[in-house]
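Got some structures for you, see below.
First chain A sits with chain B, and in the next complex the same chain sits with chain C.
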Partner chain A sequence: MAELGRAALILTFGLSVYALVVGGYAAWRGRRRLAQSARNALIASFFSTLVAALVLVVGFVRNDFSLAYVAGHSSRALPTPYKLSAFWGGQEGSLLLWLLVLNGYAAAAVWLARKRARDLVVWVTPVLGGIAVGFAWLLVVVSSPFDVIPAPADGSGLNPSLQNPYMVVHPVALYLGYVGLAVPFAFAMGALLSGRTDERWIVATRRWTIVAWTALGIGQLLGAHWAYVEVGWGGYYAWDPVENAALMPWLAATAFLHSVMIQEKRGMLRVWNVTLVSLAFCLSLFGTFLTRSGVVTSIHSFTKSSIGPWFLGFIVVAVVFAVGMIWLRLPQLRTTAKLESLVSREAAFLYNNLLLVALCLTILWGTAWPMVSEAVRGETMVVGRPYFDFFLRIFGLPLLLLMGIGPLIAWRRASLRGLTRTFAWPAAVALATGVGLIALGAGSSTPGLVAYTFSAFVLATIVHEFARGTAARRALTGEPVPTALGRLIGRNRRRYGGYVVHASIVLLAIGIAGSSAYDSVTEGRLARGQSLDVGGYSLTYRSLGEREGANATEVRALLDVRRGGKDLGTVKAGKNAYSVEQQVSNEVGIRTDYLTGEDLFVIAEQVNDDGTVFFRVFVKPLVNLIWLAGLVFLLGSVITLWPDAREERRLATRYASARERSDTPATT
Partner chain B sequence: MIALSVAGVLAIFLLYTSLAGGGTPSVSPSELATKTGEVALAGRVVGTPTGDAHGAGLRFVLTDIHKPGHRVTVLYKGSVPDMFRPGRDLVVTGTKRADGVFVSKPGTMITKCPSKYQAADTSS
Partner chain C sequence: MTWVLLAAALAVAVVVAVALPFLREPAPASDALHELDPAERRLLEAEEERDRALAALQELEADHRAKRISDEDYRAVVGSLRRDAAEALRTLDRLAGGPRRAGTSDAEAKID
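Up next, the complex of A and B:
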């Protein structure tokens, strides 16, 4: 079996090289048949990668411990679902998943675009082939998942922290996101290579970008929820390099999704867009590098790791290639359209982009600073939470405000009268909310208060937009409200789906502000019968129980919860001691108030021999809005992604006219 | 206009970093001897920890991750992550006392997750 897997990977490598070399030659010399064969090689490489992946899956399912990778990440007792997720439990399997997802995206993207954007696909094929060559090389030569060893009686098992439903879904979602960004990048580079620098590459990849961006966002929220529920330190995001690794490309992709609209509508920002998509893709490579090369622990361990230097080289090649191509095509990318006013939709989008990129780059700086300072000064310096929190506030809060302004402000040049008409109502709502919140005592945290006021403003603009659109339809057609609303969204999926996504970001902001700016925490050692007060709750420690679970000894402390004299039942918190892995894990107790979105979060930090327990208890207002935001985010993305026949026709006409223009040999 | 905005963003960034400094130095136990002031100490736990993190303090010994030998005793109070046990790598922030004991700030212990940094783990 191992031979089959290895052969499939070598075949993938060969096909990728063919797509790169022959595809590049065919595109350069304009050989149509040859280009088609290169494209087919790229598609075929997906199937050969699939074979390799299936061999590894079969290895896991059949407990084939002669495969070193299976022996190192599985065991006979491991439940079957986790045998599948053990696939990406280590480095080699993760790389194979990367390549599989990449080739899947590549095959689908070039196949679906083969007719409509044929002259682009010719150049996209070698770019995607080039990326695949890099990963296939790592898998064939440096870090093979099919290394064979004399089979041990049993495998060494999967790390307990990965034996968890979140760790089955979360990595796949993240990889779908990271790798998906390769598609818009490849199309952008293809457009630059072909010398056709109009916005067709953007139109051809809009859906792919949104799919990748959605997956990356959902993957991160799943990770955050995992950290919150399972890791149990009382938070959901710690600015860990591994977390930042996914956040940075997401921010860059968010900026890209916004700025391409300006190019589509006004033909501006061409250089900026190819730069952003390159940034997003290179950051996703950098993210994989961060999590996989060990560079986070120290530069020393990085130079010892087998794939680290290769990966760094790969990133350098990608950056140099992207910068070189943009530099080369700079004359063709220049646009005539100029920004007419600093108060216009174009300008609002530009500010949005600057803030997103600024946030992204400051996070990059903070994440890379330990490595940079170690390399430059020989002394590792680390920046902590205050650094990241500061920049999240200073750039994030204006972004939140812009989310309300950008979609409503007029194109080109906004007039004062127009501004008053559009924003008077939302501004009044925001002001009233702010005053009301101060009266309620929310003034204890200025960033929190600002976040809430801005959130109210944005929500008011969104509600206003939906109401206005529905009313206009009703006036025109006389439809009942639900029909009018449904058709309104159906006819303008991109616009209203976008509003829904914006609403989800507002929910996220409210949740983050509520749980970080207005949380309360108390800790203390309690004997049985003693109580602890926190954020309006009163907890009484009742009893301590111990029982033997399947693979762990489970200790649980039982607490009575009361608020304002009302009995709210009990909550359990404790620890599991895993015998085989010799590891203790906190099992936190969470009591959710579904009406207010507030969580009572109990950690039994330390269970003492005399039966006393040291508790740490958080009250986190509105934290559940963060998870709700994930669902709303998904809904909004699905709305914008839903196939739209009218849009297809509009694009078809546009493609046709674009082809006519580009068929006249003038550009090259 | 764009240049102005970029300059503004850059100014905020530089202002912050110059006021807050370039972060905390991160050192290994063998490098600690030459350091004064607050540092992040990164090392591997050896021996048996004693004491109570929520009482008088937890005492344990850290050594260099890649070349064991130099040992530093750490006194720690506050939350102890699940992953804490002998053999694990962790970071604590604090200062060195005159008697050589490293006194950490409460609740600053961070363990390095072995699953996610697997490449580094297997190569060392």
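Up next, the complex of A and C:
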């Protein structure tokens, strides 16, 4: 079986090299059949990678421990769903997943764009082929998942932290995001290589960018929830290098999604947009490097390996290539359109971009600092949480405010009187919220208070927008409110989908501010019958139980929960001892109040032989708004992504003649 | 052995896929890729400009109708947007050198 997997990967490598070299030659010399052949090679490489991936899946399902990778990441007792997590639980499987997703995206992107942007796709093929070559090389030569060993009786099992349902989907979502950024990058580079710097690369990649950005956002939230329920320290985001590695490309892609609108509407920022899309892709490579190289210590990094230098080389090649191409095409990227006023929508989007990029680069500096200090001074220095929190407030709070301002200012220029009228109502709501919160005692945290006030402002602008748009539509058509609202959204999907996404970011901000600025914590060693109080709750330790699970011994402490004299039931917290892996994990107890979004979060830090347990208990107000934000974010993205027939018709008309011309073989 | 045979079958399949353009057209009249010439490229850019100007005008009208934009701001911007749209249409006419292309009459109607 390993032979098939290995052969499939060698084929993938060969096909990728073919797509790069022959595709590049075909584009350069203008050879039609060679270009089609290179495109076919890229598509075929997806299927050969899929075969390799299926071989590995079968290896896990059949407990084929003759495969060193399976033996190192699975065991007979491992529940079947977690055998899927084991696929990407180690370096080789992760790289294979990266390549599979990349080739899947590449095949779909070049196939779907083959008509509308045929002459562009010819140049995109070698770029995507080049990226695939890098990963296929690592899998074939450096770190193969199909190395064979004399099969042991049982495998060494999977890291207990990965034995969680979130680990079945979180890495896939994250990789769909990371890798998806390769598509806009390849189209941008294809446009620069071909010298066709018109809008087609943006039109061809708009949806791919949003898909990748959505997947990366959802992947991060799933990872945050995994950390919350599994890692057992009471938080969900710790500015861990691997967490930052996913956040940075997401921030760069967010900036790109906004600035690309300025290019579409005003024809401006062409250089900035190709720079941002390159930054986002290079940061996704950097993220994979951080996760997989073992160069940083992280709760999310499960491998130590020697692929770091290869990856670093790959990143250097990508950066040099992107910078070189942008430099080469600078004259074609320059535009005549100018910013007419500092108070306009394009100016607001520009401020948003500057803040997003500043936040992204600040996080990059903090994340890379241990490596830089190690290289320069010979000692590893780590930047702590205060650094990241400081810059999140400095850049994040104005970003939150701009989210409410940007979409409501007119393009080109806006007058002071117009602005006053537009923002009077949302500003009044924000002011009332701020005053109300101070009266309720929320003034204990200034950043928290500012975040809530700005959130109220943005939510008010969004509600106002929906109400105003619906009213205007009703005035024109006389439709009932639900119909008018539905059609309003349906006819302006990008705009109103964007508002829904903004609403999700507001929910996220409220959840983060509530759970971090206003949380309560207490800890103590309890014997049976003893109680502790925290944030209005009273917890009484009742009993300690033990049972044998599928592949672990589960110890759980049972606590009664009361609040204001009212019995709220019980919560269980404890530990799992995994015999095969010889590891112990914290299994936290969480009681959610769905009405207030608050969590009571119990960690059994230490279970003693005398039956006493050392508990740490948190009360986290509004934390569940963070997870709700994920659902709203997904809804907004789906609205934005949903195909718009009118827009498709308009683009089809625009590109029809170009397509007709390129459908006809040239006579020379 | 089965796995080796499957690997060989996979190799044959991908070779056929890669060779397909040459198998389908062993001796085409032309094997050259059609590339947009400078005039066609200018035409495409003019169409993008036309769409951009038209979309900006439509958005401004919608924003004004929904009272997102004051009368004062509307008046300050609408003139230049109309001029841009008219200029884009003129450029397109000049480059196309013939009857108006699809979508143009819609644009004209809106500008009028």
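As a convention for this text, the second predicted complex is superposed on the first by the 632 of 668 C-alpha atoms of A that agree within 3 Å, B and C clash if a C-alpha of one lies under 4 Å from a C-alpha of the other, contacts with A are read in each partner's own complex, and residues count from 1 in each chain.
The criterion applied here is as follows: a residue touches a chain if its C-beta (ideal position, glycine included) is under 8 Å from a C-beta of that chain, and two chains touch if they have at least 3 such contacts.
Bear in mind the structure is a predicted one, so any value in this text is a computation, not a measurement.
Enquirer: With both complexes overlaid on chain A, does A:308 touch chain B (first), chain C (second), both or neither?
Expert: First partner only, chain B.
Enquirer: Classify the contacts of A:51 with the two partner chains as first (chain B alone), second (chain C alone), both, or neither.
Expert: second
Enquirer: With the two complexes superposed on chain A, say which partner A:542 touches: chain B (first), chain C (second), both, or neither.
Expert: neither
Enquirer: State whether A:422 touches chain B only (first), chain C only (second), both chains, or neither.
Expert: In the superposition, A:422 touches chain C alone.
Enquirer: With the two complexes superposed on chain A, say which partner A:62 touches: chain B (first), chain C (second), both, or neither.
Expert: Neither partner.
Enquirer: Using the superposition on chain A described above, determine whether A:41 touches chain B (first), chain C (second), both, or neither.
Expert: A:41 contacts chain C only, not chain B.
Enquirer: Report for A:196: first if it touches chain B alone, second if chain C alone, otherwise both or neither.
Expert: A:196 contacts chain C only, not chain B.
Enquirer: Can you give me the overlap between the chain B contact set and the chain C contact set on chain A?
Expert: Common interface on chain A, chain B vs chain C: nothing in common.
Enquirer: For a test of understanding, state which residues of chain B touch chain A in their complex under the given definition.
Expert: By the definition above, chain B touches chain A via 1-2, 5-6, 9, 12-13, 16, 20, 22-27, 40, 52-54, 65-66, 79-83, 85, 89, 112-124.
Enquirer: Show me the residue ranges of chain A that touch chain C in the complex, using the header's touch definition.
Expert: Within the complex, chain A touches chain C at residues 1-4, 7-8, 11, 15, 18, 26-27, 30-37, 40-41, 43-45, 47-48, 51, 119, 122, 196, 198-199, 264-267, 408, 410-415, 417-418, 421-422, 465, 468-469, 471-472, 476, 650, 653-658, 661-668.
Enquirer: Under the touch definition given earlier, write down the residues of chain A that touch chain B in their complex.
Expert: Interface residues on the chain A side: 89-91, 159, 161-162, 231-233, 242, 291-294, 296-298, 300-302, 304-308, 339, 342, 350-351, 354-355, 358, 362, 365, 369-370, 373, 379-384, 386-387, 390-391, 394-395, 523, 525, 582-586, 603, 605-606, 608, 614, 616.
Enquirer: If we count contacts the way the header does, which residues on chain C are in touch with chain A in the complex?
Expert: 3-4, 6-7, 10-11, 13-14, 17-22, 25, 28-36, 40-41, 43-45, 47-49, 51-52, 55-56, 59-60, 62-63, 65-70, 72-74, 76-77, 80-81, 101-103
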